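There are structures below to look over.
Common to both upcoming complexes is chain A, partnered first by chain B, then by chain C.
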Partner chain A sequence: MATRKKSLLKVIILGDSSVGKTSLMNQYVNKRFSNQYKATIGADFCTKEVVVNDRVVTMQIWDTAGQERFQSLGVAFYRGADCCVLVYDVTAPNSFKNLDSWRDEFLIQASPRNPEHFPFVVLGNKVDLDNRQVSTRRAQQWCQSKNDIPYYETSAKEGINVEMAFQTIAKNALDQEADAEVINDFPDQIILNSQNNRPGNQDNCQC
Partner chain B sequence: MSSWRESLTSIPGTVAQFINENASNYLSASVTPTTSSNSSTGTAGGADGSEENPSLGGDHKSLPIPLSLVKEQWRLIFTSDANIQDLQAAIAHCRDLVLLSEECSEERRWLVRHLVDLRYSLKELEEATDAEDVVLMNAIKSVVGHHFVPHHPHPNRLKAAAKRNYCDHCSRIIWSVVQTSYICSDCNYIVHQKCIDSVKRVCAHVLVSERKQPISEICPEIGLSEQNYKCAECETSMNFKNTWIEPRLCDYNGLYYCPSCHWGDTFSVPARIIHNWDFTSRRICRASLQEIHLFLNKPLIRLEEENPKLFVFVEKLCAVKKLRQNLVHMRHYLAACKQAMDQKLVDHQMGSRRHLLQSNEFYSLGDLFQVESGALAEFLQSVFKAFNQHIRSCPMCLAKAYICEICSNNEVIFPFDDGCIKCDQCNSIYHRVCLTRKNMICPKCRRIQERRIQLERVLSVDDDEDEKEGQGQEGAVENAIEMMCK
Partner chain C sequence: MEIEQTSVSVATSDTNSTSEYLDAEGESEEIHSSENETFYPEEADRGDNEAEQQQHSIILELRDELGTRPQGVTPEPADSNKELAASVESLALSSSTSAKTEDSQSVHQMHLDDDQHDYQHDSVWRGQKKHIFILSEAGKPIYSLHGNEDKLVTLFGVIQALVSFVQLGQDAITSIHAGGIKFAFMQRNSLILVAATRTNMSVQQMQLQLSDVYNQILSTLTYSHMNKIFEKRKNFDLRRLLSGSERLIFNLLANDSSNARVSNNIFTFLTNSIRVFPLTTAVRSQIVSAIQSNCSKIKNLVFAVLIAQNKLIALVRMKKYSIHPADLRLIFNLIECSESFKTSENWTPICLPKFDMNGYLHAHVSYLSDDCQACLLLLSVDRDAFFTLSEAKAKITEKLRKNNCLKAIDDELKQPFNAKLYQQVLGVPELRHFLYKPKNTAQLLCPMLRHPYKAITEFERLEAIYCSLLHRIHNNWRPLKLIYEVKEQEVVLAWATGTYELYAVFEPVVDKATVIKYVDKLIKWIEKEYDVYFIRNHATF
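== the complex of A and B ==
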């Protein structure tokens, strides 16, 4: 069973503009932080190898554009995601309020097999700043109401909690992979059947 | 000298005063180095005095150039072998004049243009290392906006003989073997050396940048009487009874010209293309021909704004519009794709015609000619093919495709695909069939709407709660952060 699991985990980071999605990814993958703001255009990804449950897996982290004007492109890459990270800025209440819509849009566009149990992780970023506006309790309440989403408070600048958060992300992504595997046993067989049929089709085409 | 000062009357008071105050020391500072330049300014000044008044009187001419100011200034620097110090002094002086001139006035525009010229030549002078470069630079003569460089006819004598050049000023032939001639590097005005100082036609390049768009009225004729029975360019008296000097109408700007300023050249007139989609050649004057040639490759015409109905009647135009729309969508993908950037895909395909995919609005005159001939559609088709090939084979571009959320089929779709439709509000892409099934109501827009209403409702409730909780909250937050950090 274990050998059949794929070793590539696809993680999507979503959230409003300038909440620190790119910074979080950079901090996690490259251990670097820059104070300069540079809007992401479209989407881009980084990969990192991680050890989860004694297995080495490659994590493909997709960083997305939060700014509306850079969202002129599609989001086909949501499909096949293993985990979705929702990021908000603890000093910007609006970025927290928008988590709902980010989550809904993701579920609609990605259309996972089991939307109720799809693994999300919420990160409240920029806790190093003084002017905090969204309380921990409020965020935790929201996460609980959405099927107990794990919640972390991070700082991409100081590197607080970043490693831990992504470890959880990888773990949850892998767990859902395992769940999907169990559910998928039956459809797999259908695919095998269709492969068996293929040579016959090719014969027809060559006629 | 006195005539030079008289000619300053058309400049705003403050500027004129300033020039008068500074004229003597300015002249002595920048002109004294060479005696030849001194004499040239003298003659120019004399010529100005006599020419100034008629040109000011004729308001139909609407030359955007305050001749008095400009002629003096430009000549001062460009005919003398100015060194770096002279130029720097002139730049400082010109800058002062700019600051003194009225905002948005013609004087100011011309002064700024002159300042740019001065700075440009200063830069060239500083960079010129060889004596040859300096000689070349000094060969550039600047007269009423033209930048004249020595004109060398084709080295092959037969070819040179085949293409005869006529002087744009006196309209006589230029015998290239015995006569030196100059050509304007901006507008291709060709002139005998002997005629160069009496050139009157303002450089078409200057006109083009002042006008910003080709004249959009069809042949706006005002009549010979409005022109005081004078040629609109050289002011030669003429009327229809005098058969020696026949007034000729320019179909582009609607003015009458004498035969030496209007050689009967024919060309398509922009206004007739824009309004009537009429490409027939009409007789236009020399100045207009040069102007239209300069407009040819400039994407300045908002065709759909000027004449929206044209897109209904001209099928070719409609096809080009659709192709361009698709290319605009594709540009978004290519601009965000590292691979395409590295390959310089857009540069290779478009070259200098990038405006075709920047937006859908602007057309150049050349584009319109090509729409009619069908060459533009062909060109855009080939670009579309190349772009399409990249986007459909590039993993990053494919990742940014769309999936129709109505049918939720795994097939990816793009905004430029046939059978797909884009919501103008939220930029979502759907299968046309799918959206029609939903009565053309975009599901994403509906969600956004619903969420906004919900948020407003929650906000009003939240405000009340926040006020109650306000005090105890801060301590709890700090505790929580500490917990998380541990």
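== the complex of A and C ==
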């Protein structure tokens, strides 16, 4: 019955507070932007269906809180992610510097099977603003040094590159999924009187 | 044994209910029932209760316990609603962990207040009486009873966040009660299972159902296989392995009024039991010996199970092994929703988690013959045993045909209902329905549903009555032994003795003395016919 080839990708968005994580998600999912800033508490969830390589893929997007005080849930949220989106603000150099620690933190907490090749995507957001402080070159260099993480410069406000960035996110996450078809081993034969089925250890509600 | 008896009579202005309770622990009890808002517990007399184990004094016993009721009235605060594991604080959490920013329009959110939000939500979906959600620890959807789980991924995210948040404090969330809906949570291995209901079902009962669903998943995948997968890949989408078995999960869950199904099946799961196909002892032992004589030499054969109409005809087992009712229910479920078994011999792997959750048994599944629609399962640990078992099955059928057992089964099957049992119930026309379960076995006896419970709304009420009775009798904190309630539309009785539990529903017009008389009659009749409706011991190969 492998005809139904549904795919679901869990995508985590990480980055300092107010770099525009929620705005990016909103732009991507709802095509909307609001100038008002509201801190995300804990996490927010969004969903979007995309078509990648002729497959319909449901993206389950986990928009996390950037503020440190809401980060106790990190481990739980990172668990089982298919892709991690690192966002910084091109007008805030500190948010760029912190990408290192966001990435490390994610790898430690989520402990993916193949950390070297775990699909990250880096987004430099707010390119619509005038006071840019982190150059494209600098960002690209950092991404190259981390196993060639794809890099996009986006504006959640203007909707620049957002669609394309998320398309890449979906594609890279799917590629990752394809390589691990190690699921078809059949369980071992039952051995009677073994630990697993020791007779007499059943509870008292037998038929 | 001395038992302190406390009865509680209810005085409310808007209902004319009367209730009496006896606490098994012998402590005075504050009970609440949904319709009753105020009540006045009274001290009752102490009675010597040695007759407990003895069946002949049923009348006396019931009379003792129900009969005398002193009228001293002690007012009790109206609010004694001590819900089980109500972790209502957890509610605050849903708003903190799933807080939405103003603009986001997540498709589904766990909003409990129906009226207050505006996004167009499927009112049918929202109005379902029961929901079941299964997800991975990572928050990925695995199953939703209603609706496409792909469209509910944000809800699954919220559930995962809730569960994780409580987990972080070295604790586990068990339930949320809000807006007339109960949510029960269960974490097993790498799965999170959640049930939500508007019915009378208690959190414990919902968890029972969740554990049945969990077992169904194990039955398809085995524990070790699922574990291995999640160890390797926490992000695994388990739907890939479960596709094709959703019908089994659905059938298991849709066995109650929430799916507009009027059937006794729900009661077997509520009482963690199975039902037995009624046959005379002579016929049943002939069947058992036909199985024994053709199977005793087959190595690695663990169980032979013969069933019909969701009831057990016979079970023969390997020495030292017994079968758990939860496992047997999985077998019933498999047979009930696999029409294809009727047309051919089948060889299917099935994991019975209570027997061994880490491996598959291999089942030879076939119906005995065209003229006898009973299904025989021969379960072996040997994956190459098909032909041996196929041969054994043919011989068993042949033997059963010769000694007329096929006909005996078929005769019973052809009756639209169990005639004898029905006559018994007809003999007491005021007795509408009952559940009888012996203490020492997980077998349940209940008559066919008949008027008025054939109608879904009435059946819903019956279900609610049993849920509430079972919950109070089996309450871990304060189990009751005897409940007698005069409700608006029926009189109900629940009685847990040392040897059996009885839940009975009568016409609303009967008085207590009549109920006692009828219960006595029923119990005596069941005891007389016990071996027709129950299997005392399961034979071995």
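Simple rule for what comes next: the second predicted complex is superposed on the first by the 171 of 207 C-alpha atoms of A that agree within 3 Å, B and C clash if a C-alpha of one lies under 4 Å from a C-alpha of the other, contacts with A are read in each partner's own complex, and residues count from 1 in each chain.
Operating definition for what follows: contacts are C-beta pairs under 8 Å (C-beta built on N, C-alpha and C of every residue); 3 or more make two chains touch, one makes a residue touch a chain.
Computed from a prediction, not measured in an experiment: that's the story for all the values here.
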Comparison of chain B and chain C by chain A residues contacted: C
First, second, both or neither for A:N30, with chain B first and chain C second: second
Chain B versus chain C as contact partner of A:T136, first or second or both or neither: first
First (chain B), second (chain C), both or neither touched by A:Q67: neither
Partner chain(s) touched by A:F77 [first = chain B, second = chain C, both, neither]: both
Which of chain B and chain C A:D100 touches, first, second, both or neither: first
Chain B versus chain C as contact partner of A:N147, first or second or both or neither: neither
Partner chain in contact with A:N114 - chain B first, chain C second, else both or neither: neither
First (chain B), second (chain C), both or neither touched by A:N53: neither
Which of chain B and chain C A:L8 touches, first, second, both or neither: second
Where chain A meets both chain C and chain B, residue numbers: 41-44, 72-73, 75-77, 79
Touching residues on chain B, where the partner in the complex is chain A: 332-333, 335-337, 396, 398-403, 405, 408, 410, 412-414, 427, 429, 444, 447-448, 451, 455, 473, 476-477, 480-481, 484-485
Contact set on chain A toward chain B in their complex: 41-44, 71-77, 79, 97, 100-101, 104-105, 108-109, 111, 127, 132, 135-137, 152-153, 160-161
Chain C partner contacts - residues on chain A that touch it in the complex: 1-2, 4, 6-8, 10, 22, 25-26, 29-30, 32, 34, 36, 38, 40-47, 49, 58, 60, 62, 72-73, 75-77, 79-82, 110, 113, 177, 180, 182-183, 185-192, 196-197, 199-200, 202-203, 205-207
Footprint of chain A on chain C - complex, ascending: 96-107, 136-141, 150-151, 153-154, 156-158, 160-161, 164-165, 167-168, 222, 224-225, 228-229, 232-237, 239-241, 243-244, 272-274, 300, 302, 312, 315, 318, 320-325, 328, 351, 354-361, 381-383, 441-443, 535, 538
